[in-house]
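Order as written gives the chain letters A, B, C and D; numbering starts at 1 within each chain.
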Amino acid sequence: MARFVELDEAIADLVHDGDTVALEGFTHLIPFAAGHEIIRQGRRDLTLVRMTPDIVYDQLIGAGCAAKLVFSWGGNPGVGSLHRFRDAVENAWPRPLAIEEHSHAGMANRYVAGASGLPFAVLRGYRGTDLMTHTATIAGITCPFTGEELTAVPALNPDVSIVHAQQADRSGNVHLWGITGVQKEALLAARQTLVTVEEVVDTFDTHPGDVVLPGWALSYVAVVPGGAHPSYAHGYYERDNSAYAAWDATSRDRSSFETWLAEIGAGAGSSS
Amino acid sequence: MTTPSATGGGDPAGGDPADGYTTDEMMTVAAARGLSSATTCFVGIGLPSTAANLARRLHNPDLVLIYESGTLGAKPARLPYSIGDGVLAESADALCSSPEVFNYWLQPGRIQVGFLGAAQIDRFANINTTVIGDYDNPKVRLPGAGGAPEIATSCHEVVVVVRQSHRTFVDAVGFVTSVGFGRGAGHREALGLPGRGPQAVITDLGVLRPDPTTCELTLTAIHPGVQVAAVRAATGWDLTVSADLISTDPPTADELSTLRRLEATKTGVGR
Amino acid sequence: MARFVELDEAIADLVHDGDTVALEGFTHLIPFAAGHEIIRQGRRDLTLVRMTPDIVYDQLIGAGCAAKLVFSWGGNPGVGSLHRFRDAVENAWPRPLAIEEHSHAGMANRYVAGASGLPFAVLRGYRGTDLMTHTATIAGITCPFTGEELTAVPALNPDVSIVHAQQADRSGNVHLWGITGVQKEALLAARQTLVTVEEVVDTFDTHPGDVVLPGWALSYVAVVPGGAHPSYAHGYYERDNSAYAAWDATSRDRSSFETWLAEIGAGAGSSS
Amino acid sequence: MTTPSATGGGDPAGGDPADGYTTDEMMTVAAARGLSSATTCFVGIGLPSTAANLARRLHNPDLVLIYESGTLGAKPARLPYSIGDGVLAESADALCSSPEVFNYWLQPGRIQVGFLGAAQIDRFANINTTVIGDYDNPKVRLPGAGGAPEIATSCHEVVVVVRQSHRTFVDAVGFVTSVGFGRGAGHREALGLPGRGPQAVITDLGVLRPDPTTCELTLTAIHPGVQVAAVRAATGWDLTVSADLISTDPPTADELSTLRRLEATKTGVGR
């Protein structure tokens, strides 16, 4: 049964150095507040998993939290590059970053396998691409009925998955709607989970794209209004596109990034 | 070929040519014209999204737009700022999860046209959006694959919209993120890829299409005021020019004003 | 794009002798009217696919429409046996019925593979059961990453899938809610599709368990109010449990069943 | 074992024994008591559903009921008539598709107790719901597997509720639809089945549990007024009686009245 806790308590309890951590949310409902709390707590050597790293992972990578990134598209949507990600990959700053990259279809299916208690998933993908050469977690598989050759990818089972949802009820059931990406699968694939929510309500209304996850399948719920800013929370607030644009300048330069780190309360030397 | 091609039509613009337009506007209008008879389109963000939304406004209001955020049949009232923009969700016929959009909608070949951008594209229309330089020690780390590899293989056909330059149009990409025709004729079939692959690459200079025999991209249309020599200079291989090279009709006043009204929707705050 | 047609026209156009046909709906929204129209049109040699044959397939089997049944649970829910199904399997009346039986998990995954354009699906299932001996469409498969042995089942791709939904809009998009079973997958797995609906509405409201399928992915929509009776349509009418109970007597006896056949307008000799 | 067992508690009923109850009522009450400390239960229709809903009303209001129709956390105000009854959907915490309930909820071992019925059960708690007689030329064709095979393997433990008779309790089922302990100790492990298998078979005569060493079902509890000889006579193998055989507490007045009120909800029209 999900327990309601404060965000800092949840992160302290769930996220440990060396863990594999997934923060999901496809453009929408990205758990920024949780990401910033991981930075403030100074976690290290994380394997960060996420289809679209977005600027939240740029921040975690720049802060030196990550040893490895498992992903499928690492850009600043609508703006350009993730400069801290590029600096880590191109220049090993603030530390080397191992990468394991897939396509969106592959990542989505890896979460599906994880949520399903299966060791792998099958898809039509990757054939002819150089991803097959550089990513070890892609293999061929033969259909036992037709003999057709397909592609297999291994399950993702993060130690912790974190998502942001619009609402929880008092039983700890959580409710998200709109674009819901791979959040359900990311939560169900993980050993432990945290859902940050905009608010707690008595009952859930219905909306297009509803996803309701029962509280008994979750570890923690933390009430964090605005916890997805500068991404958006459908029905609560819009995407802060100017913040995404501003991140380009903030992140382009190491020193302006370190100023940002200090502003969010990261300890001295967070990035080194 | 007997199946209707989404990009096959010259589709005469049929209006008065507009005065004063940019090469980007010509590119976007040409890309939108290429969707005039399409039924369903899997839309990448950026230039492809602008062109696909322009096509819906100009001449194909029933065109079904699918974005990889799981928004099926999106009809955004303004240009989406990102691929997971809330206006896509609000206007969609149906919403689905990421696994579902790739597994149930893209993978089975339900989508006719895949509309992609590119950081680099080569002679055989293979696309690189991963890395420039050595993979393990890159000169430029690009965003990566996203949904493109499976869009490039599962859609019935692919259209690429990309500005043309010597740096972008290379002889052979250093990293194949999304397969065009691989190493040439027959390679898609050997890989067992279901779709027909890229049928048009629409740039700010003209339109390149695969040679029916060799699958090499050749220049088949040139935009008004562009010289063939300039296109060749902006291409990193010895570009073949089609014997039937045509000149693109310039944007009509209606195309241009519709495009500009569409672009203007993006400048607001929005999300 | 889905075309609105009359039910008889849709069945005549879609369902041909020898076809593989799936009518889905898990207790809820069972497309009875469509099943009865198939009986009236006298189709023969069908391979009928359905997780829970329910009494609609008892009727089709008794009427002699089916050469084969692919299924996972063949009972009269809350009542007992399907007597026409049993008579066909036990006594080959009115004709022999080949069976291919799975578990629910296996059938659901077969539809998922079909909807996904994959030739097979992977699950943890069947191990140690005698289904593995008697059902050819179950095979072992090895995880290419862990070496673990799992089970594979082949895709289901019916020639026609038919479901009943609460609503369509004027563009042919369809909307069902409540218990939605495997209907989405059954439709997306099929070469052609028919959705019968209670009514056509201008816009869809939201409900728990919403499933919306775009009209451009469907072949036909037919407006058939009450088309799921005696099963139920959430928000429209309740299950007619007395009709399910009465079917036990009607179906137990061949002659009372033939009287029923005549009553629904099946041609003479439908069952023989 | 250190993990709490949903069926391990004798769970004293702690009320006044009721006068006049049927053997079915005793069975259902005993089954409900077995769920007094359970957290999540995958519920088969019929007797298991009645017992699970009784447990929620008597002593375990937080018990999460999952039905294979994709109703997660159903809290039906009346007994469901079928496994896809509308009252399950209306009262559920969440609804999901058939693939999801099996793939995302059952298969990964998220559900603690699987609550099953049986047409036949054997010495090693294997269940047959498929066929009596030869598979290709059956004497009685039964409904088949439904969700049971995967419930029997994926839930942490399984409880079977079934009326006991010589015809139902057989030495070895002719068709294994759902695996109990297969051919005996170690067989589940050899098959790689994750759950612990059947931990209790609750009948109208008593309770059978697997012997810790041999996995053979043995009589561990007997209902009031039932003789051991009668249980042995209703069992198709030489039934071992536990040295620690206990007598089931008869239904309390509260248990019985709650059960009867619950059963009465089903007689209305409903759906």
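Keep in mind that, in the parts below, contacts are C-beta pairs under 8 Å (C-beta built on N, C-alpha and C of every residue); 3 or more make two chains touch, one makes a residue touch a chain.
Note that the coordinates shown come from a computational prediction; the quantities given were computed from them, not determined experimentally.
A.B. asks: If you apply the touch rule, which chains end up adjacent to both subunit A and subunit C?
C.D. replies: B, D
A.B. asks: For subunit C and subunit D, which third chains touch each of them?
C.D. replies: Shared contacts of subunit C and subunit D: A.
A.B. asks: Could you quickly compare A-D and A-B and let me know which has more C-beta contacts?
C.D. replies: Of A-D and A-B, more C-beta pairs in contact link A-B.
A.B. asks: Calculate how many whole Å lie between the centre of subunit B and the centre of subunit D, each centre taken as the average of the chain's C-alpha atoms.
C.D. replies: So the centre of subunit B lies 58 Å away from the centre of subunit D.
A.B. asks: In whole angstrom, what separates the CA-based centres of subunit B and subunit C?
C.D. replies: 40
A.B. asks: Quick one: report the Å distance separating subunit A from subunit B, using the average Cα coordinate of each chain.
C.D. replies: Centre-to-centre distance between subunit A and subunit B: 29 Å.
A.B. asks: Residues of subunit D that contact two or more other chains, please.
C.D. replies: As it turns out, subunit D has residues touching two or more other chains at 95, 103, 107, 154.
A.B. asks: Quick check on subunit A: which residues sit in contact with 2+ other chains?
C.D. replies: Those would be 117-118, 123-124, 148, 184-185, 208, 212.
A.B. asks: Name the shape of the chain contact graph, picking from line, ring, star, complete and other.
C.D. replies: The chain contacts form none of line, ring, star or complete graph.
A.B. asks: Pairwise, which chains touch?
C.D. replies: Pairs of chains that touch one another: A-B, A-C, A-D, B-C, C-D.
A.B. asks: List the residues on subunit B that touch subunit A in their complex, please.
C.D. replies: So the residues of subunit B touching subunit A come out as 45, 68-71, 81-86, 88-89, 92, 95, 97-99, 102-103, 106-107, 130, 135, 138-141, 143-150, 153-154, 175-179, 182, 187-188, 191-194, 269-271.
A.B. asks: Can you check the complex and tell me which residues of subunit D touch subunit A?
C.D. replies: 39-40, 62, 64, 72-73, 93-95, 103-104, 107-110, 154
A.B. asks: For a test of understanding, state which residues of subunit C touch subunit B in their complex under the given definition.
C.D. replies: 1, 115-118, 171, 173, 184-185, 188, 212-217
A.B. asks: Write out the stretch or stretches of subunit C touching subunit A in their complex.
C.D. replies: Where subunit C meets subunit A, its residues are 117-124, 137, 139-141, 143-146, 148, 150, 152, 154, 205-208, 210, 212.
A.B. asks: Where on subunit A does subunit B make contact in their complex?
C.D. replies: The contact residues of subunit A facing subunit B are 26-28, 51-52, 71-75, 77-78, 81-82, 85-86, 89-90, 101-105, 108-109, 111-112, 123-131, 134, 148-149, 178-182, 184-185, 208-209, 211, 232, 234, 238-242.
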